[in-house]
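Common to both upcoming complexes is chain A, partnered first by chain B, then by chain C.
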Partner chain A sequence: MGATVDEPRSSEGRSTPWLANLRVVATTCEMALKHAATDSFIIFAVFVQPLIIALLGLYMLRERGGDYAIFVVVGSGLTGLWSSLLFVSGGALNQERWSGTLESLVGMPTSLEVVVFGKNLAYVTQSLGSMVLAYALASLLFGTPLHVAQPLLFLASIILTTVSFVCLGLLLAPMFVANPDIRNFVNALEYPMYILAGFLFPIALLPGWTTPLSYVLAPYWAAEALHAASTGTAALNNMALDWGMLLVLGAAYVLIGRWLFRVFLRKARQDATLDFF
Partner chain B sequence: MNMEAARSPIHRLTANIRLFYEGAYLSYVALFTWFAPWTYLASKVIMPLGQILFFTYLGTYATGPASADFYVIGNAVQLAAISGVYGVTMSIGGDRWSGTLPYLFGAPANRLTIFVGRAAIHVVDGMIGVAFGLAWGALLLGLDLSRTDPLALTLTIVVTAFSTSGLGLMLGSLSLITVNVMFVNNLIYFMLLIFSGSNLDLTKLPAIMQAVSQGIPLTRGIASARLIIAGGSLAEVTPLLMQEVGIGLIYALVGYAMFRWFEIQAKRRGTLEVV
Partner chain C sequence: MRMRSKLRGAGLNAIEVEGLRRVYKATIGVIRRKVKEVEAVDDISFSVVGGELFGLLGPNGAGKTTTVKMLTTLLLPTAGTARVLGYDVVETPGPVRSRIGFIFGGERGLYWRLSGNDNLRYFASLYHVDPDVAHQRIPYLMDMVGLQARGNEKVEGYSRGMKQRLHIARTLLHDPEVLFLDEPTIGLDPVGARELRQVVRNLQSESKTILLTTHYMFEADSLCDRIAVINHGRIVAMDTPSGLKKNVSDLSVIEIEVFGIPDEVVETLRQSPAVHSVSVENRDQRQALLVHSPLGSEAVPELLASLDGTRVGKVTVREPTLEDAYVRLVAETG
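Entry: the complex of A and B
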C-alpha cells in the first residue's frame, strides 16, 4: 500500500516506497543546490575558504617537495567537505526552522531523514568542487605538475567519501537541531576535524591518545584513501581497509542518526517545541 | 540656540564619556550573547585553540618542530582579529539588523563617541583572546616565555588589538550597505592568515603579496610579538608598534568617514535600512 498523508511517518515504523524517497532526495538535492548557489556564506565555506587553506598549505608545505601539491589539493578539498557538512548540512534543519517550514517537513509522509539525506548529498557533492578549484589554483599559480597517480582507486574513494560524509551529516543534523548548546559549539568543531582526520598532515604527529578518536571518524579514512590514491602509495589491502571503514562507519552514523531523529521528533511533539530554538 | 550648544563643555564631555561607556558595554551585551558560557567557550577558547593547533602542526610538519614557536605566536596574536574583525563589525552592523539604526541616526549623540565606543570593549576582548592563545601555546605546545618582557608584550597586544579593531570599524561601516557582511568578514579574517605573516615567512612571498602585508593591521604586531618573545626589548619594537598604531588609526578614520557619509546619504535619499 502506498503512503498517504494520514499514515505515520517512516521514522515511526513504516517505510515510504523507495521510488518516492528517491524522488524526494532528487527534489531536495536540486532545491538545496539552487539555494547554495545564491548563499554567500555557503559559497565562502565551500569554495573560498578551502582555496585559502590550499594557498596556505601550498606555501607552507612546498619545502617538503615530493607530492606535496596533490597532497595539499586533496587535503584542502577535504576541509571544504567538512566545513560544508558542519556549517551547511548541520544547520540545514535549523534553516527550515527559521524559515517556518520545519513543521511542514515533519508533517509530510516522507521521512525527515530522507529530506536531510537529499540536502547533505547536494552540499557534499557541491563541496567536491573545492577540490577541483584547489587543483586549478595549484596548477595555475604555482605551475606545479599535478596528476592523480591511481585514478580508478581515487574515483572509488571519492564515491565512498561522499557516501560516508552524507551519512555523517545524518548524525549531525538531529544533534544540532535538538540541542542549542551543540549548535553554539559549531565554530569550535571545524579545526579539530582538520587535525584528527589528518587532512593536511599525518596524525602520527599528534599525541598517541588521539588516535582512537581519529579511527571512529569517517573523514580520517577518507583522507587516508584519497591521499594514498592521489600520491600513488595505495596498497590494495590498505585501500580495502579504508573503504571498509568508510562503509562501516557510514552505516553506524545512519543507525545512530535514525535513532536521534526519532528521539528529537518524539520530544518535539510531546513538548510542542518543534519551532522553538 | 539648541540645547546641545547651551550645555557647558564639561557637561558635554561627561555626557560623551557616559555615552562611550554605555555604548561599549551595550554593544557587547546586547549584540552578542558571548556571556552565555557555551558560546563564549566555543568561539573564544576552543576555536582559537583549534586554529593554533592546526597551523602549528601543519607548520612543524612542513619545517620541523623547531619552528613551532613561529606558528604558535603568529596564530595567537592573529586571534585579536576575531574580536577586531567579527566583534566590531557585528557591533556596528547589528544596529541595522536589530532595527535600531534609525534611532541611532536620529539621536543627537556625538557620532564619533558612538562609533569608537562600539570598538572599545572588543579591544579588551581581543587582548584576552591573545592572552588565551599564548597561554594555550605555553601549556600545550611548549612556547617559551622566559625571555619575554611582559610590559613590552602587553603593549604589543594592546596595540594589535587596537589596530585590528580599526579594521573592524571600517568593515562595520561597510556592513551598513551590504547584506554579505559575514562573507566579507570571513574573507578578511582568512586573508589575514595569509598576509599578516601569522603562518608564512613574508620574505619568501612574491613582492605584491609583501606589499599587501605592509598595508594591513597585524603584520607588525605579530612581528613585534615574535621579537619580544625571543628576548627583544621594547625599544627594538617601538618603531613597529608606532606603525601598527598608525595603520589602525587610518583604518578607523576611513571607517568613521564612511559611517558619516553613509548616514548623510541615507538621510538624504531616505534609504536608511535599504541595501
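Entry: the complex of A and C
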C-alpha cells in the first residue's frame, strides 16, 4: 500500500448544489440499475409479474376483442410500475439499512430524498421495459394486433406518468426510514392501488365513495391518460386534465415527501433506527 | 489543507464535546409495557485539537460507538452539545457532513454487488465531488489502500480486510478535515491490521484530525496523541498514552504461567498485602496469572509459596503497559 503520485484533492472540485444533485440522481440511477440486474426478486417484480397478469387478462378477455386487449396490456404495465415502486423502491431503503449503507447515506451531504428520487427513477424506468415486453409478448402469443391509437399523446402521457410515479415514491420512502417493519403495512397497498387507480377495469364499477380516493392518486390519472391515448378515445381537454393532475399531484407529493423525510429522518436519529434491522 | 494547518497551528479545537448524554429507551413486555432507559453516554466532555489523533478506549457497550454516531450526526444526543469544526452537530448537520469522513468497523456499509470502483464513484457523487476530480482521486485512493488491481471486481468477492480498506478509501474521497474511525481494524488478520494502521499513520502525518475507537491497546498506544478511557458511558481518564501508564507506574506486572489454578488460590492471592490486583487469562491448556504488585520481583517468592500445589511454568516481571493501565481503570470504575 502507499501511493507515490501527488494526491489529487477534491476540495477545489465541489460543484454547485443543483448540478451536484443532478449528478447524484444520474449516478444513483445507474448504480441502482446495475444492482437490480443481479437481483432475481426485482427481475420477477418488474418483468415476470406484469407478464403473468397481461397473459391471464388477455386470455380471459380474448373473446371480447376491440380495445380490451390494449386496455389490459396498458393496465398490466401499470401494475408493474406500481409493484416496482412499492416493493423495490420502498424495500430499497430497508436493503440499505440491512447492508449498513443507510447510515452512510444519511451522514453524507446529499439529501436522502435526492438519492431516493434517483432510485425511484431507475426502477420506474426499468418497469417501463416490462410494459413494452408485455405488449410485444401479448401480440405474439394471441395474434392480437396491438397498436397505440394516439402515439404522441401516449408518449407524453408515459413521460408524465414516470415523473408522477417517481414523485409518489417520495411519499412511501420516508416511512421505511423511520420504521423497517412498515413493509408489512406497505405490502397491503399493492392490490388496492390496482383497483382504485383503475389499472385493470374502470373505477365506474366501484362504489361512489371510493372516487375521491382515486382522484388524489396520480396512478389513476396516469391510467386514464394512457388508456385513452392507447385506445384512441382521448379528447384533448380530458387529456389536459389528466396531465395537469399528474403534474399537480407530482408536485404535491414532492412537497409532502420532503416534509416527511425531514420528520422521519429526525425520528430515526432520535430512535436510533438507522442501523436497526 | 489551509484550514487544517490553521487549526493545528493555532491549537484550535476541531471537536468540542460538552456534557453529552444519550439515553436509549427500550420497551419491555407485551400487555403491560414498560419503558426501560439505558444511559449509553453519561455527561461526557472532551475536545480534540486540529491535527490530533484522539483515541476513545473502552470495553464493549461503554458508549464509544454511540459517541461517534452523535458526532457524525447519525444520532441525536439526549442532552449536551457537540461541535465539529465549529458547527453544532444537531443544529447544523449539513456543514458537518461535508467536512467529515467516518468508518464503522466491519464489512457492512458497502454495495457488495457493485465493484470497488463503482462503490467509490457512487460515494464520490454523494459527497458532491466533481467528476473530474473523482476520476483522478479514485485510482489514487485505490492504489493507496492496495486495491487498484481488484477495483473492477465486485465487492462481494473481497476479503474482510479488503472491504475495510475500501471503507478507508471511501471515507477519503472528499478529502475530509476530520475523520471518525470506529474500530477500523476489528476482525482483520495481523498483516491487514498493520497495513491499515500504516494508512492511519499516513493520514495523521497529513495533519488530519482523527478520532479513533479501538479495543487494541497497542494500537491506541502506538497511534494516539491522547486517549480517553470510557466506561459505563463516562470518561474515567483522559491523558497521553504515557500519562495513562503513569497511573500504574507504582506497580509491576508479574506474569506467572500456571496449569489449572483453583479459584480459591486466586482469592487467597488477592488478599495478600503484596498484591494490588490479580487476573487470570486462559491461554489454551494453561493460564496466565497476572499480578499487579508494588513490590515487583521481590513479591515473587511469596507468590510462588502461595501457589504451592499448583503446577507453575514461566515467571516474568515487567513494566506495566497501557493495557495494564486500562484494565486498572476499568476495574476501578466498576
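Keep in mind that, in the parts below, the second predicted complex is superposed on the first by the 255 of 277 C-alpha atoms of A that agree within 3 Å, B and C clash if a C-alpha of one lies under 4 Å from a C-alpha of the other, contacts with A are read in each partner's own complex, and residues count from 1 in each chain.
Definition applied: a residue touches a chain if its C-beta (ideal position, glycine included) is under 8 Å from a C-beta of that chain, and two chains touch if they have at least 3 such contacts.
All of these numbers come straight from a predicted model, not from anything done at the bench.
A simple residue count on chain A separates chain B from chain C, and the partner touching more is C.
In the superposed model, A:L206 lies in contact with chain B only, and not with chain C. Once chain A of one complex is fitted onto chain A of the other, the partner contacts of A:V24 are limited to chain C, with no touch recorded for chain B. When the two complexes are overlaid on their common chain A, residue A:L55 makes contact with chain B while staying clear of chain C.
Once the two complexes are laid over each other on the shared chain, residue contacts for A:Y191 go to chain B alone; chain C is not touched.
Of the two partner chains, chain C is the only one touched by A:L274; chain B is not.
Contact with chain C, but none with chain B, is seen for A:S99 once the two complexes are overlaid on the shared chain. Using the contact criterion defined above for the overlaid structures, shared-chain residue A:S40 touches chain B, although it does not reach chain C. Of the two partner chains placed by the overlay, only chain C lies in contact with A:M108; chain B stays clear of it. Put simply, chain A uses no single residue to touch chain B in one complex and chain C in the other. Of all the residues in chain B, the ones that touch chain A in their complex are 36, 38-39, 41-43, 46-47, 50-51, 53-55, 57-63, 180, 182-183, 186-187, 190-191, 193-194, 199-200, 204-205.
Those residues of chain C lying in contact with chain A across their complex are 1, 24, 69, 72-76, 94, 97-98, 102, 104, 106, 108-114, 118, 121-134, 136-137, 140, 143-146, 165, 170, 173-175, 195, 198-199, 202. The touching residues of chain A, counted against chain B in their complex, run 40-41, 43-44, 48-49, 52-53, 55-57, 59-61, 63-64, 181, 184-188, 190-192, 194-195, 200-202, 205-206.
Within the complex, the chain A residues that touch chain C are 1-3, 5, 7-15, 17, 20, 23-24, 26-28, 31, 34-35, 38-39, 99-101, 103-110, 115, 266, 269-270, 272, 274-275.
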